[in-house]
Amino acid sequence: MEISARNGLKGKVEDIKLGEVMASIKIAVDEPGIITAIITRESAEELGLAEGDEVKAVIKSTEIMVAK
Amino acid sequence: MEISARNGLKGKVEDIKLGEVMASIKIAVDEPGIITAIITRESAEELGLAEGDEVKAVIKSTEIMVAK
Amino acid sequence: MEISARNGLKGKVEDIKLGEVMASIKIAVDEPGIITAIITRESAEELGLAEGDEVKAVIKSTEIMVAK
Amino acid sequence: MEISARNGLKGKVEDIKLGEVMASIKIAVDEPGIITAIITRESAEELGLAEGDEVKAVIKSTEIMVAK
Amino acid sequence: MEISARNGLKGKVEDIKLGEVMASIKIAVDEPGIITAIITRESAEELGLAEGDEVKAVIKSTEIMVAK
Amino acid sequence: MEISARNGLKGKVEDIKLGEVMASIKIAVDEPGIITAIITRESAEELGLAEGDEVKAVIKSTEIMVAK
């Protein structure tokens, strides 16, 4: 089975912290990968994004899933 | 100004595709980084996650922001 | 008042687990319903999605709201 | 490979609409399933949620992935 | 029917832009309101958040729903 | 550094509640601001959204970040 979420970054679990309901998993990512970000066209234009730009992919931790 | 979203992966813009409202930005990530994933404790236990495990951080592309 | 989030699946609360800040609510869904998923066109094409395909709608639990 | 996102509802693709960047996939869900929603404890208490309550799981369509 | 998403900011639609699949709705918010943000405890501590701090609630536009 | 998430509402921290893994931050927003919501075109049309409409921007608290 294949999933539509194409962003998959390989790494190693570094730390696990368990709460009562939630858990925090720290993953060390050390292989190169491609990330696709969907933002508004307006943001892309206001940031003046162009191929070759040095950028940062920023992600809220509640949006990250773990596959094993 | 600093933001609570701590996941920031450095990379280079590889491709930009503009729609009328949305835009797709492909970013090549090639520096190691740490990702924090918040999942349910139940998932962490059912996956049997442990330090050292080889895993994949999976992210839907609509959840990724770009900082420049 | 009507909300733009059109995905609403009827069900019955099966289990509630309270943490200090978060809560986990298990809902048994047993009525048929229609779900709209917004994914990238690229994913749709790479999955080769076509009408009639048997698929699974996958959702991270932090993205689900409860209306009562 | 198994993913931490445990909510998986089986269904059949009913309709596909392609934009330039995004795609809308309508899925008819007709099998019973269990959905786990993570909300704040405060919301759970203010809604007065209890086992047996008839509720609706509400989901923004941009949060739904498709697995095939 | 009441929804668990408690963040509701009143405003007036200023602009609507329609794509083929998605739409962008600009809303002018001019009434005071309370926003609840759920972040990791780690982020809260690293930002040194304290009552009275001047902050900014930052939200990706794909996460905002419209109720009318 | 500038981020693609353009929705930034200024406010003051009113309350902080710490769990083991997550934290809840209440922010009092009292300055006018513009919010951009990305919803499906279908939802926009079914809600009959038009400029000047009184609406509510609804946001799940797990989607809100804090910048300081």
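The first chain written gets the first letter, and so on, giving A, B, C, D, E and F; residue counts start at 1 in each chain.
Here, contacts are C-beta pairs under 8 Å (C-beta built on N, C-alpha and C of every residue); 3 or more make two chains touch, one makes a residue touch a chain.
Not measured: the values here are computed from a predicted model.
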{"item": "From the options A-B, B-D or A-D, the pair that copies D-E, where over half of the contact pairs coincide", "value": "B-D"}
{"item": "Of B-F and A-E, pair with higher C-beta contact tally", "value": "B-F"}
{"item": "Centroid spacing, where centroids are CA-atom means, of chain B and chain C in whole angstrom", "value": "21"}
{"item": "Centre distance in Å when chain C and chain D are each reduced to the mean of their C-alpha atoms", "value": "0"}
{"item": "Multi-partner residues of chain A (each touching 2 or more other chains)", "value": "1-6, 18-24, 36-40, 42-44, 47, 56, 58, 60-63, 65-68"}
{"item": "Complex contacts: residues of chain D adjacent to chain C", "value": "3-16, 18-30, 32-41, 43-44, 47-68"}
{"item": "List of chain E residues in touch with chain C within their complex", "value": "1-5, 21-22, 38, 65-68"}
{"item": "List of chain A residues in touch with chain E within their complex", "value": "24, 38-40, 42-43, 60-62"}
{"item": "Touching residues on chain F, where the partner in the complex is chain C", "value": "17-20, 22-24, 37, 39-40, 42-44, 46-47, 56, 58, 60, 62"}
